[in-house]
Each structure stands twice: as structure tokens, then as C-alpha cells.
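Working notes for the structure below.
Should a chain be cited, it is by its letter among A, B, C, D and E, assigned in written order, with residues numbered from 1 in that chain.
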């Protein structure tokens, strides 16, 4: 197995009470697999990605990449954060070039940066500061940055969240193309069920409080999937139901809590 | 401000006189006068007397200029310097003289003035009384400070640090007032090369004087005269009862500074200091001329208006 | 608790190293006394209560001066951050005035206030105001416009906006300003107390230094250090830890 | 007219060249209307909302609310920002209570805050700091804050962007309910065409470079709209096409720029 | 350009107010000279070149001392920000030591370095290091963890992480530190140059102050102020404007 997530537990301590965010997460991911993670807001998706990236220490359990234990962040696992995480003191171009600095000449890095900025439709904004971009544009810069790094594993936390459907659809296309070409392993957090079905080999549906894996679904619809609307709809229906019961659980808990407090 | 400027004879308002001095052995006349109540005796019950002590001449002079003190004891250096820069100050009387000596460290191997060339000497300040005395004295030997093209290296520092500097070889020579000269001899075996009787102006130049502002002298002649008188009584007491005077001095200094001076050192220092109200106009002018020669002052000051000896008996 | 132990070990180690150096090199106590000598001197001072009076007097002056300095510093910091003209004129003047050492301010303080507590307080205020001003100024300039905008849409304006948003958002800078102000207020106090007639640590320090009493000089330094440490632990570190934790700036994950 | 947006133009100056972001925007909005704004990433939606809020000065043109010119931000126009904009030094509860402080007693404010926090399913997190929440949870706090303020006009910039579909759908429901009850005027920026159709009376479709209004569509489908899938689908199709042609224009420009530079 | 005019007007107004006050109240020039007197004195000093030599000598000492202080301050700031133990022990010690005024450091400087340039430089370094350290420390502590995390996933670590991310992210604090360091370095220099045998502004200042030459005292204050203003305009304000603009922290919209 390429990427192994073994018995991950994560607790946070707030106001002296520990709350379990992730509970016994186990996942084996093959090289080149495109895995989506779906789940209600606050179920621990970002936390899981952060643990895989090596940015957050799990309370117990471990992550193995190619059999090697992950203890710290590294260039082999590129991450697109939920917030764009651009460096405000660098221009758009410099932000994208930042991870490339060391492995190539400046000219090459610049060319590569421009290549990916074009893919996210931002050639026009290379010299802008991040704060001069709209929310969606910032997110696209972050995507371009992660793609240009060309890591073995790509961790993407709602990368297309702030984009309109048309731009999003273009970027689905670009991402799929890159994935097919380079056979990257992708862990993709999203809120859109249709997006996850459109793109991934496998969908992990998570439940909340604490975060657990509800189902691990292999998507066996042939690509391009736009051509198989029925199969897509059926799967969408299934996932929707799964998540709906989760959210009903949350609402019930919420009501109980509100009544008791 | 000071209340004493209201000299209307109504007697209803309480008059206040503020006297300044330093916690310094040269200032014994002020301490004795205070301790023995001479000021009260002269100025009378209607006048409230306050005392202010100062750590250095700069603060004293500023306080005098602003009217925060009415009169007090201070070294002649700050007085002359401030006078040349336009301060309204009058020298009324002397308080003590002598006491400055040139001492050499054990390490330096200096035995006489001939060995001074190329050495480093230290004084409390650039162009201070002791500096001028030493450099004037050395002029006769053709030795001068690097500042005016000579070979002697000059540094400045607080006399309390000279012992360390002698020990660590940082400086070779010092021109210091008492009790530091005696203390250096006692503490680190320093050698007195030029004693206070030989150094320029050693006997004639007062090292502590009684001053007031010109305005005060004009407006309150009566009070000033009484202050001078009280000091003269104190000096007379010191001459008659040296041992008691020494003890008053040691105690007063300890009261103010919490530091106790060694009795041995005081005994030794006392020998080199001469308490007197005399002040010689000519010497002061000569001393100033030396300052000009040594390039501490840019132009020759005229001290005719600085000294007012009418109050000395 | 653990950090207290670390601290104690650290300072004990320093004391041992110091005692060792002094004893082995045989440095003259007039140059550098051993910790035991310093302790003796301190014990004497505390026994006859003189040092206690000094501490109380100095602490009073410091508290008053620092409090005023903080108020002025915050006010000026806001003014400079918000008003470009003030920043370019008054700001420059303040920076220039602050380069002037306390010695030079002494005569001016006497001139304006006379030889009294006011003059000492003035010197302390001068010493601590700049750091407060400059840190407050940049703190306010660095408040994220998003917070200000959000608060404005919630009807917060003027004084309320400042107290509830701008000030809390610049707390990290303000604490730094106070911390620095504290250190510089001590310095200024030591210089300024020359103007006082005692008691006071600066007054005692000055004469100890003039009389070459290194034991007492170092003893006073230690007193200042200990007071500083206590205040730092009780106040600054707490506020800072609180802020860092709340804002999620702690780096332990 | 309740809210009038008249001849709004906005230019930003970047690297000494001015770029026009909004060009001749004119809109008249009735009291109680629910208006959605759709448009490609970077077309100026956030900028327009910010101008209505009084946070950004337009280069020319003006905004009138009840006939009064808007020059500065005010409590009558509550805003949910694209980034959650929570104050990090306040707890969740304090954040929500912040705008209420002045107009009611502390106890009342607290109750109201809890009421709205319950509506966004966060009763459990009142004492947390913002950084201890997930992205979606932060966004929900911001929504609760804006709702509790009860402004005349509610400006919402992709408020549900970071939420999963199930949570989002619950909040649609809550928002619709509040809107129907209080008859607020809502300006709602979104990327989801279906969301806009589901919720609004009127959809403004914007084009980009510069931002202009492409179409102003009245949605005449009876509520609840989930019951009229065909009508919804038809409208969705129409808007999709409009936006698709916009994004094609952007891609074309982008290619031309990339070739020339 | 416009800000230059504002500045000139501001300072001209101050000069006029000062001249007016002195003339109207008839303050003795020994206490507070008029600007015209100060100008005379400065002109004299520049004519015989003594002030020029003073400025050159002082500026050299200041530049060396400040440069070293910045390097040490940045280093210590990093250490204290990153290492909790160091922060709790060494950090406390540094704060305590910095409360000690330069006067007390003088004998120690002499003891360690002798009466020479090194001792003066030491005093200057002491004066400027603390502000740099404390500002750098809090600057680093305030760097958003998101930036650090992002950079780490891009393979940035250790020195590279510091130079490329942490340092730029804390630039606003660093500039504040340098700005304050500058002011306090001047102060320390004025005290430290008492140790030198001239030339130097501090040496001349001490001399002028001892001689009650207020014209020259104020003249030197003005020289320091003017140098400070020039450096502030040429360096600090530029860097700061740049940073604020780039980060979108300017409040004009």
C-alpha cells in the first residue's frame, strides 16, 4: 500500500475538556488513486488532511507513506488549504514560485508558474498582491501553487469551494487531466457530492462527533463520467441519504443540548 | 520657586531659604553649620531653612539658575563654566581649598613627572578644576595632553573607579581631590607624585566656594550676609574642633549617601584640605586664563563681575 | 511549576558561575564582588530597612510614571497611526526627542518643575513613553482591515470601535510596548532619582556608584531584576500566554 | 424604491494601471426582496456588496437606501463576509453578542445569540475561540451574528460556501423562514445556481472584465420551489448558458494573453 | 512632496513659538536660549569643523553599535520566541539587565574592554539590543501558523523557513524594533561617549552640559533630531509604507 492511515485518533482540549475529533480512522490508499472525502461540517476532514500532511500530530495512530512513517511535513505531500494561505508579502507569481525555488532555475520556475497560473486563468494577475485578488482568485493561486510543486501526494481541502460552477468545471477538467497524465495520488476534501463522483475513484463518507468513516465507496463509473448520468444520480442518491442521516443526528443532538442548557 | 524674594518687612509670611551642598568632605563647612545650627542662629526664627544635596555641579547650577536654591557650596569649575555661558552667579566666599593631588598607580612604575610622557591620566571631567590644575602644572615640564597635541592620553571617569583602573592597568595617573587621593594610596598603594601643595593653584584656589545668584544678592543682601556669617562660624569651629568636625562630616555623608568613609582616610585627607572663607579674585582670573591657554575655553572670560567679597569679614 | 524550577536552576547556575569566577580569578571585590558579599550588603540594607524604603519610594514613582507614560503612549500611538500629518511631523519630533539622553533632560526637568517629585516623574515618563507610542502606533497600523470593516457594519464606530476592536487586535504590540516601557522606566528612574532627596533605589545607586560600593550597586541591580521578574511572571507573561492561546498563535499542536 | 444602486463604477489601481472592476451598475431593489448575485470568480460581486455596505467608496455613482445616500457603514446593513471575519480575541458567543451589546441587556443578548447559534447547530461551541472551529463552523458563526443583528438589509457574500450540502440545505430552510417572517431585504452572493433559484425572487447575473450586469431575472416559481423541479431545471439551464459564455470569453482572453506574453 | 512641506511648516512653527516664548518671558539664555542663539552656536561649530568631526565620529560608533545590536537582537529574539526554556530564563535576565541604566554599565564596560572604542560600542549595543530582541520575539510569536504550515508543506524548513517566511512575516515588528533601537542607541551613545576622549557628539554634549552651555546642548539635540529625521524618512518610512501597501493594510479604499 502506498499511503496507509492507521488507527488515527485525535483529541483537542478546549476549556480543559478533551473532545474527540477523529476516532479510529483506518484507510489504505493505492498509488495513483483519487480519493474524495465527504462529510458534514466540522467532522474532522481538515484535521485528517493536516495529520497526513504532517502538520498536526495525531493523539494516537500513524501514517505511513511508502512504508515510511510520516512525522513532519514534506514536499512529497503538497497541500491546498481551506483558506488560500498565500504569503501576503509576495506577489502572485512569487507565491507560486516559492516551492520551486530550490529545485530549478529562476527562469524555469517562472515559466512553470506562468503555465499553471494560465491553467487557473490568472495570467493577467502575476504581479498582483494576494490582497488585491478576489476570494476565488486567491484560491486558484493556491491551486496553481500546489500543482506546480508536483508532489507525489496532493492533499486538497475544498480547493474549489469559492469558485463559481463554470470556473469550477474548467478546473475539474484540468485537474483530471493532470491526474491522468502524472498519476498522482490525490486526497480531496469536498462538500459537493457530484464533484466527488465526477472526479474520484473512491469516496470516503465521514460521520461526525466524533469523526469516523461511515462508508468507503468505490466509484466504478467509467470516465468521462458526464456521459453516465444515471449511474451518477444513483450513487449521488445513496451518499445523500447517508449524509442526511448524519446531519439529522447532529440536529437532534443540538436540540437536546439546547433544551438541556 | 523660592519664597524669600518677598522681602516685604511685614513678617507675616514665613521666609524660606534653601541651601545646597554636596555630600563631600570639602563641604564640611555647610555640614557643620547645619549640624551646629549656625544658619538658624544667624537667620532667625522667622526664616525656614531647607537643605538640598546634589550629586554633581551641573544639577546644582541648574537649581541655582532656576531659583530652586538660594545659596550653597559648589566647586569653582561649574561656577566659572556656567558664568562664561551667561549664568547669573556670584561667588560670595571660599569654603575650602587644596586637596588635589596627582597620584600614579603602582603598576605604572612612575616615580616623577619625568616619567609622564606617553602615559594615560584620568580626571573626573574634561576641563574640570583638577584637570586644569594638572595640565597647568605640567606645562612647565613641557608635557601636555593629546587633546592639544601632546603625548598624554586623557580619559575621564568617576573617582570611585580609579582604584580599579589602577589595578587593571587601564590608567597610569590621576588628578584627584581628597579623600580619593588618600584612599588610592591606602587601598591600592598608589603613589602621590605631586601633592596638593605643589600642584598649580594647589594652595590658593578654593576647591569649594559659597555662591548665590546675582539677583538674590541684590534683592536679599541681608540674608546673604547672614549665610556668609554662618559659614565663617562653621569654619572657625572646624579649626578649633577638628575631631568633632570630622565626625560631623562622616555622619552627615552617611546620612545622605548611606556610605561610610574610612576614618583613616579622612584623617589623611583632612591634612591636605584647608578650610577658609578667603577667595582671591586674581587667582580665579589666572585659573581661567589657564583654561583658555589649555583650550578648554574659547575666549578669555572676565571674572570681575563674578566675585563679590563684600560679605567676607 | 516546571518553569519555576527551570528558572531557579538557571539563576542558581549563574550565581555559582559568578562566585566561582570571582573566587578563582581572585578579582578584587572593589571591581566585582562575589554573590555572597552582595548578599551580605543586601541583608544589611534590609535589616536597617533603608532598602525597603528605597524600594517603596522607587516603586511608587515608577508606577505613577509608567501609568502616565502608557496613557500618553497609547494616545500618541493612536494619533500617529490614524493621522498621517501628525505622523509625519509630531512623529518625527518624538523620535528625535527620545534620542536625547536623560542627563540632558535633567536640567530641563528642574527648570520646568523644580527639584521635586514632579521632575522625577517627568523623567520616568520621558523614558517610557516612546516605546509605548511606537509599538502602539504600529500595532494599530497592523490591525487587519477585515476586523475593522466587520465591526463597522455592526455599527461600531469611533471610541467604541477603538476600545472593542482596534485595541484588542493590537494587544500583542501593546504588551510589548508596556514590557519595554517597564524596562526603560526603570532606567529613567535611576537617572531621575538623582533629583530627589531620597529615599529611592536610584538615589542609593548613584551614591553607591560614586563611592565605589560595587556590592550595593550590584545588589540594587539584583533587586530591580527580581522585581522585574516578578512583575513579568505575574503580569506580562500571563497576558501574553492568554492572548497567544486565544488567538491560536501557540505553535504546539 | 428601497435600495437603489445608481451608475456605480469602481476602478482599482494596481502597479500604476487602473483596472475597471465594476462598470455602470444600476439596480433597484424593493423592500423585502431576496436578490441573488451570480457571476464568475473575480467579476466584482464582493466589491459591489462592499460598496452597498459603505465599506468601499465607488469611483463614481451612488447608493440610496430609502432615498438616503449611503456614505458609510451602518447597522441597517448587516454583512456576512466571504471570509468569516470573526474576532479572534472573542469567544463564539461574544462574537455573536458583539453587535447586540448596545441595544439590549447582556442577558437578552446572550439568549438571542444562543438562539441563533442553535439555528446554525453550534450550541455546543459557544465558549470556543474562533480558531478552534472548522472552516464551515466559522462561517456559521458569522451567519448567526449577522442574523441576530436583524438589519433591514442583509448582505451575504457566499455565506454557505464552506458548508456541506446537507448543512447548507438546513440553513437554506432557516434563512428562508427568517426572511419570510421578518421580510428582510437580502442581497445574496453565491456560486450555486440552484441555491439562487431555490431562494431568491430575483437573480442578477454578472459578467466579468469589467463587471457588468448581464441579466436581471425575475424568478416566478412558486415556493417551496423544491416542488417544481422542471421549472427550476429550465431556469438553471438558461443561467448556466449565460455564465458558460462568460467563462468561455475569459478563457479566450487568457489564451490570447498567454500567447502574447 | 506635500509631506515635506507639512514637516517644514510644523518645525518652523515650533521654532517661532519657541523664539516667541523665550523673548516674551525673557528667559535667561543660560536656562533656555532662543533658536537664533542656538543657530549661532551651531554655525560656529560647523565653521571650525569641530561639530563635523563630532558627527562623523558619533555616526560611526552608532552605525557599528546599532548593526551589532540588530544582529544580536534578531538572534536573541528568535531564540526567545522559539525556545520556551530560554524565554523563561534568559528572557527574564535580559529584561532585568536592561533596566540597569548606562551609568552603571560604564564601570563594567571599562573593566571588560578598557577605556576605548570597544567600551563605547558595548554601551551602544546594550542600549539598542533589548528593543530589538523584544520586538523580534513577539513578531515571530505573532506569525500566523497558517503561513508556517503552508511553507512547511512546500519543503521549507529551518533557516530557509526563517528567512523566507518567518522573517518577512514579522517585518512590521522588526522595523519597529530597529526604529526604537535607533533612538536608544543614540541615548546610549551620548552616555558612552563620556568614556571617549573625543571627538563625538556625546563628548561635546557632556562638555557643553558641564559648562552650562545650553546653546550647544540644544544645538546637539537638534543635530541628533535632524539626523534621525533624515534616516527615518529615507529608510524606516519607506520600508514601512512598502510593507503596509503590499499587505493591504493601508486604510484608504
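To be clear about the criterion, a contact is a pair of C-beta atoms (placed from the backbone, for glycine too) under 8 Å apart; a residue touches a chain by one contact, two chains touch by 3 or more.
Chain labels with UniProt names: A, D = Nitrate/sulfonate/bicarbonate ABC transporter ATP-binding protein; C, E = Sulfate ABC transporter permease.
Remember, predicted model here, so these are calculated numbers, not experimental data.
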Number of steps on the shortest touching-chain route linking chain C and chain D: 1
Chains linked by the largest number of contacting C-beta pairs: C-E
Centroid distance [mean C-alpha coordinates] between chain E and chain C, Å: 17
Geometric centre distance via CA averages, chain D-chain A, whole Å: 25
CA centroid of chain A to CA centroid of chain C, Å: 48
Chain centre separation (chain B, chain E; CA means) in Å: 37
For chain A, residues contacting two or more additional chains: 55, 83, 132
Overlap residues in chain E, where contacts from two or more other chains coincide: 31, 107, 111, 206, 209, 214, 248
Shared-contact residues (touching 2 or more other chains) in chain B: 58, 62, 65-66, 158, 161, 164, 168
Touch list for chain C against partner chain D, complex: 146-147, 149-156, 160, 164-165, 168-169, 171, 243, 246-248
Chain C contact footprint on chain E (complex, rising order): 3, 6-7, 10-11, 14, 31-32, 84-85, 88-90, 92-93, 95-104, 107, 111, 130-131, 134-135, 138, 141-145, 148, 172-173, 175-176, 179-180, 182-184, 186-188, 190-191, 205-206, 209, 214, 217, 221, 224-226, 228-229, 232-233, 240, 244, 248-249, 251
Complex contact set, residues of chain B against chain E: 57-58, 61-62, 65-66, 77-78, 81-82, 84-88, 120, 125-128, 146-147, 153-158, 161, 164-165, 168, 170-171
Residues of chain D defined as touching chain C within the complex: 50, 53-55, 72-75, 77-79, 81, 83, 85, 87-89, 98-99, 102, 129-132, 145, 149, 155
Footprint of chain B on chain C - complex, ascending: 28, 30-31, 50, 106-107, 110-111, 114-115, 194-195, 197-198, 204, 206-213, 216
